[in-house]
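Each of the next two complexes has chain A plus one more chain, namely chain B in the first and chain C in the second.
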Partner chain A sequence: MRFYEYEAKQLFRQLRMPLLKGRVAKTPAEAKTIAEEIGGPLVLKSQVLSGGRMKAGGVKFPDDPAGAEQAAKEVLALEINGHTPRGVLVEERGPVAQEYFAAVTWDGRAKAPVIIFSDMGGIDIEEVAEKHPEHVGRVHFSTIVPFNPFRAKEAISATGVSGSELNRLTPIVAALAEAFLRYDLTLAEINPLARLEDGRFLVLDGHVDMEAEARDRHAKLLDDLGIGKDETREARPPTEFEIKGAAVDATDHRGVAGNVKEFDGDLGLVIGAGGGSLTLFDAVRNHGGKPANYCEIGGNPSVQKACGLTKLILSKPGVKKIAVMMNVVSNTRVDIVARGVIKGCVESGRDPGETIAIFRIPGAWEDDGFKILEKYGVEYCDRSVSMYEAAGRAVAKMSK
Partner chain B sequence: MSILINKDTTVIIQGITGREAVNLTREGLDYGTKIIGGVTPGRAGRDVYGVPVSDCVRDITDKHHVDASIVTVPPRFTRDAVFEAIEAGIKLIVIVTERIPRREVAEMVELASLRGARIIGPNCLGVLSPDEAKCGGLGGPAVNVRRAFKKGPIGVLSRSGGMTTEIANTLTAAGLGQSTAVSIGGDAIIGATYAELMPLFEADPETKAIAIYSEPGGRMEAELADWITVNKSRLPVVAFMAGRFMDEMPGMRFGHAGTIVEGKADTTADKIERMKAAGISVAERIEDIPALVKERLEKAGH
Partner chain C sequence: MADGMFIQVEVDDAVAKDKELVKKLVEVCAVDIFAQKDDGSLEIVRPNLDECVLCDLCVQAAPTGKVRVVKLYE
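Up next, the complex of A and B:
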């Protein structure tokens, strides 16, 4: 779950990291007031959860409050990669002498957190790592031995930085690493971290991601930052259809019928589980099918959930049929899913036999499930028909 | 032979009185697994299908040798349970629980590594050695397990629990049994990875080939490719890569917690290229796996 830059900076401020004067404005008038408080040259940055702000024109450099008001007006009206800005961050601007990069993230291969530091900040770190590996320091650290700042020092020192520079940078990077662990972050990045010509070391821009699974453990911080419980903060904002999908999944605690993602096709998918959904979505597309949605069912969902998900998908304009498919299931009862999807069709005023293009869920209680499907004239298949073939049968029915 | 578990493996279940754990106990016992005890704090003295319940792991390990623990407690209590098992000297821990933050997974994995224990999962359906034992929900009730899994020469490793059974079933239908199937877990950080389990299969004379299910996200496939190249593995590997559509949708999470495309190395295209370069056969469809395995076995002279 990504933080807006101004939220990341609020967190950094709590950690006593050195920041530029400034704060977020929601209106041009507010931007002007903040500019007056700061006095002097300014940077205005669009608050969107997307990269490429500079290129898109979402960053401006006015010199006075009047200029800030005008710039804020433009920035607030500018949509960047489909994201509407949450506000505009108004900050002081000073001449930069040197830029650094500092980040803490997970190294899944080492199964440990890693500090990444470079004295070539401000640009793409992957590019620096490729072209100038001697300018990138990487140091892993333990999650069970208490964190000590020498880890940060080692990462900075590895790039050849020494002297007072090293001693000024170490506490900033160490604070970043401690915050990373304390708040269950998956990324804590400062880029650039800058030394200004006046000698100050300051955080110019920050990127913070919190692990979605850990949200409820940091309710107070999220509340302080004003991050709502229903904000998903994914790569694109959730659609209304997806929000309704989450509500279906929340109806009870039995199993999963969720992670609904909207697409613009005509074939609704009731598919599962985690890996099965990925496999089946690929299969439908390979056959030339146009999915109306992605979703995951599994863990033995209740009749109510399977029914709710089916109704939601059938309520989407343009959905002609649904395909109900899973891998060979371990702990999901086939008969319960069958009941749920048939109920969903009936309650949507649709004939299950016509609407369900194929039902392919082999596993426990499949005989009971197949009996119910037969009664309603639904085409089904057992494990002798592959997931790929089942998807093909469903797609073939769409062109009829 | 099997890896990790066999019919003599002694197993406990932590969180044994929970709804899902009760099912795991029934299924495991029916399949012949030696489940000798369970733990739920405050429930000592009860039993689940005849398996005695204790308050602490130590209460069991003081009296019996315990090879493995299946941990199925809510996410908030998982780290405590896993640390308890490791500190009681148990060397194999299967974590079924999902939605555990990475930091806690890293803590558990780090302690396990310090104590010489091995973690499978989290967010997995466990380990199954056909006709020997099963630790976790893999395959479901014993009668369903016997239908999908048969003893044989193929090792199965999968990031998806459900797809572990799907692949085993496909192999079984084609006359290829399995030595052991491991659902390794779908999180960004897990215990044993493909590359860490390969040496076990490599050392098992009855395992002749490996079938793998993989997904976008993470570096596990690259790690496997490197391992095969460096160790000149005798085992032919056939992999299936799901979620190819995700290459077009960076930043979106689908399927498991660890399944997200953030950089080039996360894409299926990049992983397929690396695996092929290491000599891994990549199946386009699940049903192509048996033919590819047979082809590779024939080439290897089996």
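Up next, the complex of A and C:
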């Protein structure tokens, strides 16, 4: 769940990071008042959950309150990549001597968070990493033992930064890493982190993403930031189909059978297991299949929940068949899912043998699961058939 | 006897009328297949039958052979 820049900065302020004077305005008049309070040259930034603000004209540099009022009027009326601004952030502007980049994110390959620091900030970090790798420092750290600020220092010094500069940057980057851990963030980024000509180090722009599943754990923080419980911050509002999917998942505390996303294909997917849903979705598309939905099933949902999800998917217009596929499972029972999806087919008035293109869930209680599938004439396969191959079989059946 | 789509549960009449045994069955079943009526006798909750996880705790809670769980797919 992405934060607006002004929310990210509110969070940074709580962490005692050095920030420019300023706050968000909802109207041009409010922007003028804030500009008068700040005094001097200003920067106004559109508050949208989208990149490309500068190119789109969503960032302005007025010199006085009257200019700020006019600039705010233009920024607030400007839609950027389909996003209407929530407000305009009015901040002081100072001459920058040097820009840095600092971020903390999750490294899936290392299975650990990583601090990324560069003394070439303000531009795309991927570009810096490609053209000037010696200017990018990366240091992983543990999620188990308490964070040691020395790790932040290592990341900074890897780029050649030393002395007083190193000592002043370290607490800022360390605070970013601590926030990443404390608030279950998936990304905490400062770009640019600037040294002004007067010697101050300041956070000029911030990007924060929180793990959506962690919202309840951080209800107080979100409340403090003014983020409502109903604000999903998704790229688009949920469809009726997706809302019904969430309702199915909410019927029972056991397992997961939800996180449904709607697509316009004809092959319904009941998929999941430790990243398996993403792999399988891609596999179906790779074989030329057209998924009707994405979803996540796992953690041993009840029969009723698996049944409800199946019925929902089968109720979607245009869905001809469903593919029930997971990685090898140990925390989900094959027989329970088999019961659920078959029941879902039957209660939808469909023949399970005709409707389920493939059932590929190997793992716990698979012997019982396979007996159930055999009874209802459903094609199934065990772990000797890869997820990719199973997806191919499902897609092939769609053209028969 | 009560049937789901996949699971059938058979309980002897004597057990179904025994208040203490019924209480035990209600206690051990993790998926609420058993309930106790106001008069203390057994009620089988049919919508939950197919949720049976085959743990056998109900079978063990009753005298040998008096509660039977049958897989209808075998």
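Just so we're on the same page, the second predicted complex is superposed on the first by the 235 of 400 C-alpha atoms of A that agree within 3 Å, B and C clash if a C-alpha of one lies under 4 Å from a C-alpha of the other, contacts with A are read in each partner's own complex, and residues count from 1 in each chain.
Just so we're on the same page, contacts are C-beta pairs under 8 Å (C-beta built on N, C-alpha and C of every residue); 3 or more make two chains touch, one makes a residue touch a chain.
Predicted, not measured: the structure shown is a model, and the values here were computed from it.
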Original post:
Which of the two partners, first being chain B and second being chain C, lies in contact with A:Val303: first, second, both, or neither?
Top reply: second
Original post:
In the superposed arrangement, which partner chain does A:Ala219 touch: chain B (first), chain C (second), both, or neither?
Top reply: neither
Original post:
When the two structures are overlaid on chain A, which partner does A:Ala250 contact: first (chain B), second (chain C), both, or neither?
Top reply: neither
Subject >> First (chain B), second (chain C), both or neither touched by A:Ile372 >> reply: second
Original post:
Which partner reaches more residues of chain A, chain B or chain C?
Top reply: B
Original post:
Is A:Val346 touching the first partner chain B, the second partner chain C, both, or neither of them?
Top reply: second
**OP:** Return first, second, both or neither, reflecting whether A:Arg109 touches chain B, chain C, both chains, or no partner chain.
**Re:** first
Original post:
Considering each complex separately, which residues of chain A are in contact with chain B in the first and with chain C in the second?
Top reply: none
Original post:
Which part of chain B faces chain A closely enough to touch in the complex?
Top reply: 20, 23, 75, 99-103, 105-107, 109-111, 125, 137-141, 144, 148, 158-163, 165-166, 169-170, 173, 186, 188-189, 213, 215, 218-220, 222-223, 240, 242-246, 249-259, 263, 285-287
**OP:** Mind listing the chain A positions that touch chain B in their complex?
**Re:** 106, 108-109, 111-113, 126, 142-144, 181, 184, 186, 211, 213-214, 217, 234-236, 259, 261, 272-279, 281-283, 285, 294, 296, 298, 326-331, 362-364, 383-384, 386-389
Subject >> Of all residues in chain C, those that touch chain A in their complex >> reply: 5-6, 31, 47, 50-51, 53-54, 71, 73-74
Subject >> Contact footprint of chain C on chain A as seen in their complex >> reply: 302-304, 333, 336, 339, 342-343, 346, 368, 371-372, 374-375
